[in-house]
Amino acid sequence: MDIQNLLEDIVGAVQPHIGQGSVANYIPQLGAVDAHQFGVSLVTRDGDVFSAGDAHVEFSIQSISKVFALALVLASDGDRIWKRVFREPSGNPFNSLVQLESEEGIPRNPFINAGAIVVTDRLLSLTGNAAHAVRDLMRQETGNAGVDTDHHVAGSELANGHRNASLAHFLASCGNLENPVDDVLDSYAKQCALAMTCEDLALATRFLASNGLGGDGTLLLSPAQTKRINAVMLTCGTYDAAGEFAYRVGLPGKSGVGGGIVAVVPNKCAISVWSPGLGRSGNSVAGVAALDEFTTRTGWSVF
Amino acid sequence: MDIQNLLEDIVGAVQPHIGQGSVANYIPQLGAVDAHQFGVSLVTRDGDVFSAGDAHVEFSIQSISKVFALALVLASDGDRIWKRVFREPSGNPFNSLVQLESEEGIPRNPFINAGAIVVTDRLLSLTGNAAHAVRDLMRQETGNAGVDTDHHVAGSELANGHRNASLAHFLASCGNLENPVDDVLDSYAKQCALAMTCEDLALATRFLASNGLGGDGTLLLSPAQTKRINAVMLTCGTYDAAGEFAYRVGLPGKSGVGGGIVAVVPNKCAISVWSPGLGRSGNSVAGVAALDEFTTRTGWSVF
Amino acid sequence: MDIQNLLEDIVGAVQPHIGQGSVANYIPQLGAVDAHQFGVSLVTRDGDVFSAGDAHVEFSIQSISKVFALALVLASDGDRIWKRVFREPSGNPFNSLVQLESEEGIPRNPFINAGAIVVTDRLLSLTGNAAHAVRDLMRQETGNAGVDTDHHVAGSELANGHRNASLAHFLASCGNLENPVDDVLDSYAKQCALAMTCEDLALATRFLASNGLGGDGTLLLSPAQTKRINAVMLTCGTYDAAGEFAYRVGLPGKSGVGGGIVAVVPNKCAISVWSPGLGRSGNSVAGVAALDEFTTRTGWSVF
Amino acid sequence: MDIQNLLEDIVGAVQPHIGQGSVANYIPQLGAVDAHQFGVSLVTRDGDVFSAGDAHVEFSIQSISKVFALALVLASDGDRIWKRVFREPSGNPFNSLVQLESEEGIPRNPFINAGAIVVTDRLLSLTGNAAHAVRDLMRQETGNAGVDTDHHVAGSELANGHRNASLAHFLASCGNLENPVDDVLDSYAKQCALAMTCEDLALATRFLASNGLGGDGTLLLSPAQTKRINAVMLTCGTYDAAGEFAYRVGLPGKSGVGGGIVAVVPNKCAISVWSPGLGRSGNSVAGVAALDEFTTRTGWSVF
């Protein structure tokens, strides 16, 4: 298969979708992004890199960071985190309080905001600086020492982050935070505000397509843990549209409100797409369309 | 009717209930209160005062303060507050987030915590110091310049107040707070931590039994507004047991987790009871029993 | 007070509201009613009768029948029914399944549909024919032997009654029905389809304004039970607008989707109003306005 | 790989789990089953059959039938069914009314009871006899003309099926049923009451492991539709434990309260397990343990 051609074709095929949907605008920094951009990158399990479109433009990875925080916690802490967060699809929007209340402070999964806050809380306890830990993993896997938090975005998230503050205080009221609420929220905002390109993101995701092997050959996660992160991505990775994503795309994936999505073809490759316009479920419209096209053309769904 | 005898009889009748239930212990200051206390006071519309039992022991009025904050806001701001809070019974526990989320940040009524936080926020805007405004109303109506916030209780509420912080941040995320979250929470904690005796509380409540006339003859509220506060107390004043309270007692009333309850016999009298042991709904067990006895003996229910 | 004049004045005052709202149209028989009608009747505790407007036009009493079914069950069975139905405001629409599920088949109160179905089930067990029992009470209190079920309405309700069937089967699945589902639904439809005039309805409601004394001087309910039905009406009688009704009208009341409302001034009078146009909460727009006018003019709210 | 040995090993490995959990007892016919049984069968994409343990004992397939009803509807009606049922994980128990109400009669997915009732309703419209259609597919794929509904089980389901009747009437009240409620429930009960062995079930599921090819080489479903059914099974196939199942087993699967589970290794094989003891989520305890063992040993998860 000529992957470079495939990616170019995808860029062509998704043109009608680019600019569809709405750019996240709950903070001004995200709202100012030009919607008419689309990038795609693919990194094979062996490390070959392919890119097309706006694959070298930085964007805010937002919720995609949750996958990497979870990987770091699982790597150093094992299954312990599952006492503090479930791993079931939520059936509710990503920042819902309802489920949290009815299940007494145990979030439904690590990819809704409440669950990700718990994971970040644990990562903070384990490392002393959760945002740096995620950033350093990104730098290591991409070989790009310039990967960093966009501090304007992080600051704006914090200033406008009443919904996350509400979740975090609720978690604290249930005894499900180890660190002070403000410290956890600060780490969480910085982790979400990492700015990366499609190509960097695909490189950083590669270990999930290679049984846990990092770019330099060290084992970041055991094969079993790697499969499990992929399982959680497939069932919970795209907010309240996980079923739809599994149906259309058929790959483990994780999206962010910055318009990025990473997906994994186990044992084959990691792929990342980016386009800022979001559909009603908070996933990039052109990004989902691109991944749909990708699996249709390659037949590389897990099903 | 010999009211003094009646109150003494009530003290006797509720003996079996004193000490039943559980003392609120989410903060140490409340948990340390001796459960084996019971007080009752009644102030007639004309200002005659009757007391029995531990009617001169101070306790933390907690949610009872919500009635007075609401009265102050209605008095100075009219019906405007009803754009920011409904006045329907909640059908849910007093600190529930579920309703708040499903109704997009408009609390169900001013006596659940979320609604009371909105009222305090408005009172803060109107007066610059919401807790002082409530305190000063208490001082004026009781003639007791010593009425004050217990700052140990207020401080402990704040330090342990993650649930209220969660509610307040959620309200802020919906645009339903005018002041900074921390300022509103500070005011709210101080207002709830007012320490008063049964007798003081009955004196302070008297205007709701006299068409809005305060102790010195000034009109605190219009007769129509007074009726309306009584209506909200009857339908929403006792957490998720408002129906039960209306059924057993048949009077507008407002309870607090400190074990106090105030009730109003319109055009006749205000009555306050206090005993720290709470039933499952958060209302004083002996207090509800006392008010049940009171209306059974006097026939003074509103029905 | 010249009550006849008062009622005439009310007819005049509510003219702007007559025809507002929407006529219930979930069955054709209700949808065909002319919206431009308004009637009002008042019966004093001593039996004096006053009427104005379309007070002698028959309409479908619908949910108002729930009050009378409850009265009959309480009269013959005492407090036993409260093991099968709560008496708390629902905070949800009248035909909601959510609450029923979360509280395992115990409806929130006897005036939401699920609760009324439980009451009718019990009345069916007690009398062998629940709809006749309610009808006979109506005939006795009105002296009108012609009061009867409109069988076209009842038949249409049953044919279109999937929502009530859903509730009844759910109750049965929780073990909270004594009789076969179809029998209970049949009785319930016939009871709701009673056709009566405002004047008949006010006469039938009089015992709730006279400590339980029926028109012929027999005690239908004890004074305590009478107060309690009034309490349940006040907190739960007007669907999800009970707080609003208490706030504006300040009387125990019960509405039906046929556009009727009965209200009680304890120890003074029963009043009924009717106008088919319903507001969003399912209560007659002109009817609520008329009762608001009534309590404003007379000062006869319970608060 | 020696599959026969593998299955024998699995029988040995799950011994400690056999008899754990509770046998479904909402109808007597299911409750009478001996819990100490376990069977496993595997059919390769090419049609080789392997079995171990109690693989030739018939059991009630219950919800597993939902997969086959959905396959038949998709095959003859295409994507039209997705207007009447979503395909998102529910985050709620399989017979929940809450979600149905909040989403106005569109069930969350075709594998919760409400969704399966909608699918059966459509299959009834398409075929005139939904239960026979499912049965005939089973007969065709297994080559076993004796596959049939256990009419004692079906009758008992209907007689005790108030929860499903409640769901069906609710769907009807929302206009989401094409056929009379009783006809749909009858079909649904008969389809769920099909009695089959592990081996039959694995044979019948084989087409989902072979891109839609049936046993005789005809295309039952297109490859794309086959992948999509697998995707829905993975995200929604095991009640409120889909995330857990994906995490532990990592295969598309569908369970039933009779204790059976089918799972699919795309392009490789179908596997069925059976043991009557159910865990809290309604999935066979020993069955899940067996599939966990299977994917751990073979590495054949989709991740």
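By letter and in written order, the chains are A, B, C and D; residue numbering begins at 1 in each of them.
Assume a contact is a pair of C-beta atoms (placed from the backbone, for glycine too) under 8 Å apart; a residue touches a chain by one contact, two chains touch by 3 or more.
Here's who's who by UniProt: A, B, C, D = Glutaminase.
Given the structure is predicted, the values throughout are model-derived calculations rather than measurements.
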If you average the Cα atoms per chain, which one ends up farthest from subunit B (Glutaminase)?
D
Approximate Å spacing (C-alpha centroids) for the pair subunit A (Glutaminase), subunit C (Glutaminase)
55
When centres are defined as mean Cα positions, the distance from subunit C (Glutaminase) to subunit D (Glutaminase) in whole Å is 47
Report the inter-chain centroid distance for subunit A (Glutaminase) and subunit D (Glutaminase) in whole angstrom, where each centroid is the mean of the CA atoms.
32
Using the touch rule from the top of the page, what pairs of chains touch, sorted by label?
A-B, A-D, B-C, C-D
Quick one: in the complex, what on subunit B (Glutaminase) touches subunit C (Glutaminase)?
86-92, 99, 108-109, 224, 226-228, 230-232, 234-236, 240-244, 246-247, 250, 252, 266, 296, 301-303
What part of subunit B (Glutaminase) is in contact with subunit A (Glutaminase) in the complex they form?
96-98, 100-102, 162-163, 165-170, 172-173, 181
